[in-house]
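Presented sequentially are two complexes of chain A, the first with chain B as partner and the second with chain C.
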Partner chain A sequence: MRPLSPGVRLGALALTCIVIVLIALITSGANPAQVLTTLLTDSFRSPTAFADTLKRFCPYMILGVAVFWALRAGLFNIGVEGQFLMGGMTGTVVALQAGGMGGVLLGAAAGMVAGAAWALPAAWIRAYRGGHEVISTIMLNMIAFQLSNHLVSGPIMDPDAGFPTTRTLGPQDMLSGVPVGQITVNWALVIAFGLVMGFGWWLRKTVAGYELSVVGANPTAGSFAGIDVKRTTFAALLASGALAGFGGGLQAVAFEGRFYMGFSTGYGFDALGVAILAGGNPIGIIPSAFAYGLLQQGALAVQTLHVPPGIATLILSLLVVLFSAIRYGKVRHSNG
Partner chain B sequence: MSIVALEGITQRFGDFVALDNVSLHVRKGDLHAVVGENGAGKTTLMRILYGALTPSEGRVIVQGQERHYRSSREAIADRIGMVSQHYAIIPELTCLQNLMLGAEPGAFMNLRQCEDRANVLAEQMGFTFDWHARAETLGPAGAQKLEILKLLWRDAEIMILDEPTAMLSPRDADALFESLRKLASQGATVILVTHRLPEVIEYCQRVTVLRGGKLIDDQDVQDLAKAQLAELIVGHALTAFEERELPQGETALNVQNLVVRGDRGNDAVKSASFQVRKGELVGLAGVDGNGQKELFHALMGTRGFTGLANLNGEDLSGRTTRDRLAAGVRIIAEDRHAEALVEEWSLSDNAVLGFQRLPSFRVGAGINEATKAERTRQFIAKFNTKCTSAGQAIGSLSGGNQQRFIAARALGENPSLVLAFQPARGLDIDATRAVYQGLRDACSQGAGALIVSFDLDELLEFCDRILVINGGVVSAPHQKERAEIGQLMVGAI
Partner chain C sequence: MVDMSFITNWLMFAAILGLAALGGMFSERSGIVNIALEGMMLMSACVTALVGGTSGSPMIGLIAGLVSACLLGIAHWALTQFYRLDQIVSGMGINLFAYGATNFIALSFFKPEVPNQFLPIPVYFWCALIALAASWFMFNRMRAGLRLLAIGENPDKARTTGIEPVQVRLWALVFAGILCGLSGALVVTNSGGFGDNLTAGRGFIALAALILGGWRPVSVAVACLAFAAFEAAQIQFQGSPILGYQLPAAFWKSLPFLITLIALAGLMGRTKAPAGLGKM
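On to the complex of A and B.
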């Protein structure tokens, strides 16, 4: 039998995805059109809703870069969630101690160090002992959950609070923003944009970025081209962890102002999708991260229509499947 | 009368015409060679005879009857068998299981009877096999013999062999042709696809020449010289690659008592000692898997070694691959997909590979885009790589064009030592000469070249001096002479 043409196959896949979403909506008893409208437009309902979307947009961009960085070296850093948590917790504690603008800077820096430290075992095991990074980073995630839950329920918990949280940073101890119309655009967003653009430039234009991509695309050819594959692998996972931790620290000093149980709503896991949805170009992280922020914000609103918020995850996951199919199809095609 | 007649065969793939009105007549009992460049249509023609392809136009006549094969199964039922260039042997199965694979006598087998028949067939050919040994224990020559017995097991009388000697030492190749002659004398017919012209001249009765999908010539071999045949294949006059005075430059590469550990923990290279002078093309003859790969990897720095290896007086041990690249060591790697290219990337991105840390390719932390574009253009032009643009994915080029690009890259940026593993792999006669001429030119600028090929005739034609590697031992023949080298290659001296 002749294989179907790539266009037909992708069309069939897209149709299947739409049908799955419709089935999910219909079985939940909701009006599909209403749910989809709410999902897509809730962010624009009010300035507060849009501010909440931006609050998600920022970590999605930074963590998207973190995942993309490792992915380019051929590594799946599933550990960004744990690295983000450790960065957020460490950043909060440092910012609370230091206070002021210095506290903001130190907090973000401490988050970066904590994230890198959390990626270090996985990076070392992968590069120099050959243990798979997916396994080790998943295990490190579990340790990060338990450790942060434990610390925030005891040693660093605000004794006056009724639930596991640290004390809260005052407005003067947090990163501010610039007002644009009715909303405030936090400087953290500017930093996140800068990170995406800077990473895109680094990857495309520098020797180090080139070598990273070679290692991800064909490590054997890389070693014949004089690239230290082990060192590049090690550095890539470490950098990915540092960025994820930085994202956590920044989230604390820019948006949250504290660390608490549930600090991350699964940003690190969503970021895997952000990076894949971005396609081959790092700049694609921006629209992809925005789509994630938008749909996750909308997911909160659809609960009022008695639809589980998981619908957003379902849609995003199917989008990732669809995009992976398009990308994989492209690669196969170019190979002849 | 012809046992096989292909008449007026045309084969189109989309707009591409692979075969254009080609006819082939094969006499019973002949060794009939089909020769031509890569892409001339030899394999396509054979696949049509074997039923793997249905021709767009033309007639297939076997034993006087017109046939319309819809699959190889029907051709096999007509006693046609084919051994493709890549052996279809499953290493985990025993030799007997491989022999019967796909042609088992029935759902219930009497293994003793099967083995008896296998022995009869082997005896008839003068082969001996341990039928219960796993096929992975076979060398290339043994695997080739097993493939031929597989044809006999299927009662094939018309045998198509695609490049059967590509992986064999000269001695094994000679033995193979003796067996084929014997088969022919017993009534079989052998159709041979090959690019090795000496074996056509020596063993075949008739030869068909294809070029660019067209039939060029069809004649008896006895009144044909090798040079004539080569000119028929390329379509223009060829001047011999002139033998020259042995270059007497300083030593570029000096290797003493070099030992390289193989993947299985054995010594893949055993205490090798040799020199390569500046200006010199040194061929390393040997059958595949005798330590050539490990030697190259050790010299390139992707594998450790003990002993001494000096390049222009500087010790290579302890130097990284990056240092060696900076010192001018270049490799045309054995496996271009795995070791030499990122296939999904453009030609220009692949042009940088290996040079990315050289000062000429850098500006600050970045890659010098001007140099990159310029070198890409040079590498494409050097051996005439056919591509639509420098931005085309290199994986979408044909193997031969990829090889041209890789060879040009290895000769770029002032090489001091070129390690060339089958530099002419997949290249036609003209391109092969161009690449060897390029190697000579690079060497006359002060480089030395060490060249591995499994085709001894290629090394004899193009190299100044020949070394032989067998079982990891490097030895030097007294003279650049085929018989002695052939014996050294199988350890017969």
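On to the complex of A and C.
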């Protein structure tokens, strides 16, 4: 079989993706153009819709950094979902106990600790025992689902609620924001922006950041250059988990105000896509996280057109695959 | 204390896990990491129920389900072998796609007035047994099976003996699709109808069993039987205390994952992964 040129190959893949989406749109019975417009622009329809988009944008950015961090060290932290859940749950419980502004700080910090703790087994197994981090983090995710669902429907459940949820934080116990026009921009968003920028600076301008990239690109070369590959690997997964947990704690004290069954709508899994779509530059996390927030908000709105919300997940999965194929194709091409 | 319902539940979960894990084994022993077992199962569960109901023929439903799972398997093959996607990224993409697509299909096409039709459950038990025997025979006695193993251990050496890894892997992923498809069809047959995220992470339990079983057919089957016993025990002991203490369902459900973590840490003796796993 004659090998196809990269252009033809990618074109074929892009065409397949487009055809799949078109078939889905046409069979749904709604007007395809209207569905696409709703998917992409519903966030701008009203201040409430935009505020909801920002509520998703924030964890996508933080979790995007978490995934990116590990990815740079050549590690797939599939476990951000579990770390986010554990962070959200621990953060809520701590903030409920402490209360006030101190509770907000303690809650976010507790989330960070919980996330790191949840990544610890995976980091240790990967760095010092040689077990693959993808498998261990999948296992840790499943345990996190079971544990958080169990705790929130029993020990930490609000006895007055008819639904598995903790008590709710009062407005004075939550992180506030600054009003911009008709919406309120929560401080959590500023923190998330700061994290992305700070991480981008750290990665490019510090020795530790450089070592991280070297270990990810070529661990053998790194170890010859005197980098402690095991320690770097361990630290990268731990930092990734800590960030994901921080994202969970922050989500609880800034937006949700409580932990409940369904606290995460798959933020951690989406974050893998966010990091991949960001490309090679951490700053790319900002637009890619925004695109995810936009499409997930649109997914709720297309239901009014009788189109199932799964359409957004479907489109995003195809986008991730297509984008990765383009990037890998480019990398291979430049290598000859 | 142990009654018939425990045995039937146990066999049911063991067949579900075993079919998927054996499917994963074909993929991983050919060198392709496959975290997409869950997605293939979910897709097959949805399509089996939909086509079986609308066509009125459970057999056609099952075949359609298997084809849909195979298509995802072939997609994984094409993306990793032709487009050189990272195998984890491709697997994640397929899982996400299956989740989105089945949500879409279920809400768009399922009609409550059309009754679901499924093949009888023993059919799947026989399929699981045949799959186990056949994969053991293939890996130990047949040229095709040995070639597959050779590729999984060292694709470059296999290439020098004239085997074309990319072609063999296509067949490996078609097998993976068929087996995961059967597993997903059994899940939906057992539950009686499709719902969002019906497989509920069973594909990942199968993946755990595959690793715990060291990628070998009989050991994988034993791991599946053990994991299935936990799930059946969870139903059996629901609400009744053991040794004076009531274990929450979450504990039983977490047990397979905890054990796999311990095994991954090398605390239960090392299992050896195919040496060429993830290589081109």
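By our rule, the second predicted complex is superposed on the first by the 330 of 336 C-alpha atoms of A that agree within 3 Å, B and C clash if a C-alpha of one lies under 4 Å from a C-alpha of the other, contacts with A are read in each partner's own complex, and residues count from 1 in each chain.
Definition applied: contacts are C-beta pairs under 8 Å (C-beta built on N, C-alpha and C of every residue); 3 or more make two chains touch, one makes a residue touch a chain.
Treat the numbers as computed from the prediction; the structure is a model and nothing was measured.
Partners chain B and chain C, brought together by superposition on chain A, fit side by side with no clash. Contacts of A:Thr166 after superposition on the shared chain: neither chain B nor chain C is touched. Of the two partner chains placed by superposition, only chain B is touched by A:Val207; chain C is not.
In the superposition on chain A, the chain among chain B and chain C reaching more residues of chain A is C.
Within the superposed three-chain model, A:Phe76 lies in touch with chain C and out of touch with chain B [touch as defined at top]. After overlaying the two complexes on the shared chain, residue contacts for A:Ile311 are found with chain C alone; chain B is out of touch. Of the two partner chains, neither chain B nor chain C is touched by A:Thr90.
In the superposed model, A:Ser240 makes contact with neither chain B nor chain C. Within the superposed three-chain model, A:Ala221 lies in touch with chain B and out of touch with chain C [touch as defined at top]. Between the C-alpha centres of chain B and chain C, as seen from that of chain A in the superposed arrangement, lies an angle of 70 degrees, given as a multiple of 10.
Distance between chain B and chain C in the overlay is 5 Å (nearest C-alpha pair, rounded to whole angstrom). No residue of chain A contacts both chain B in one complex and chain C in the other.
On the side of chain A, the complex with chain B involves touching residues 205-208, 210-211, 214, 217-218, 220-221, 223-228, 331, 334-336.
Taken in their complex, chain B has these residues touching chain A: 300-302, 320-326, 331, 333, 338-345, 349, 352-354, 356-357, 362, 365-367, 393, 395-396. Residues of chain C touching chain A in their complex: 33, 35, 79, 82-86, 88-90, 92-94, 96-97, 99-104, 106-109, 201, 204-205, 207-208, 211, 248-251, 253-254, 257-258, 260-261, 264-266, 273. By the touch criterion stated above, chain A contacts chain C in their complex at residues 9-10, 13, 24, 27-29, 76, 78, 121, 124-125, 129-132, 134-136, 138-140, 142-143, 145-147, 149-150, 154, 269, 272-273, 276, 307-318, 320-321, 324-325, 328-329, 332.
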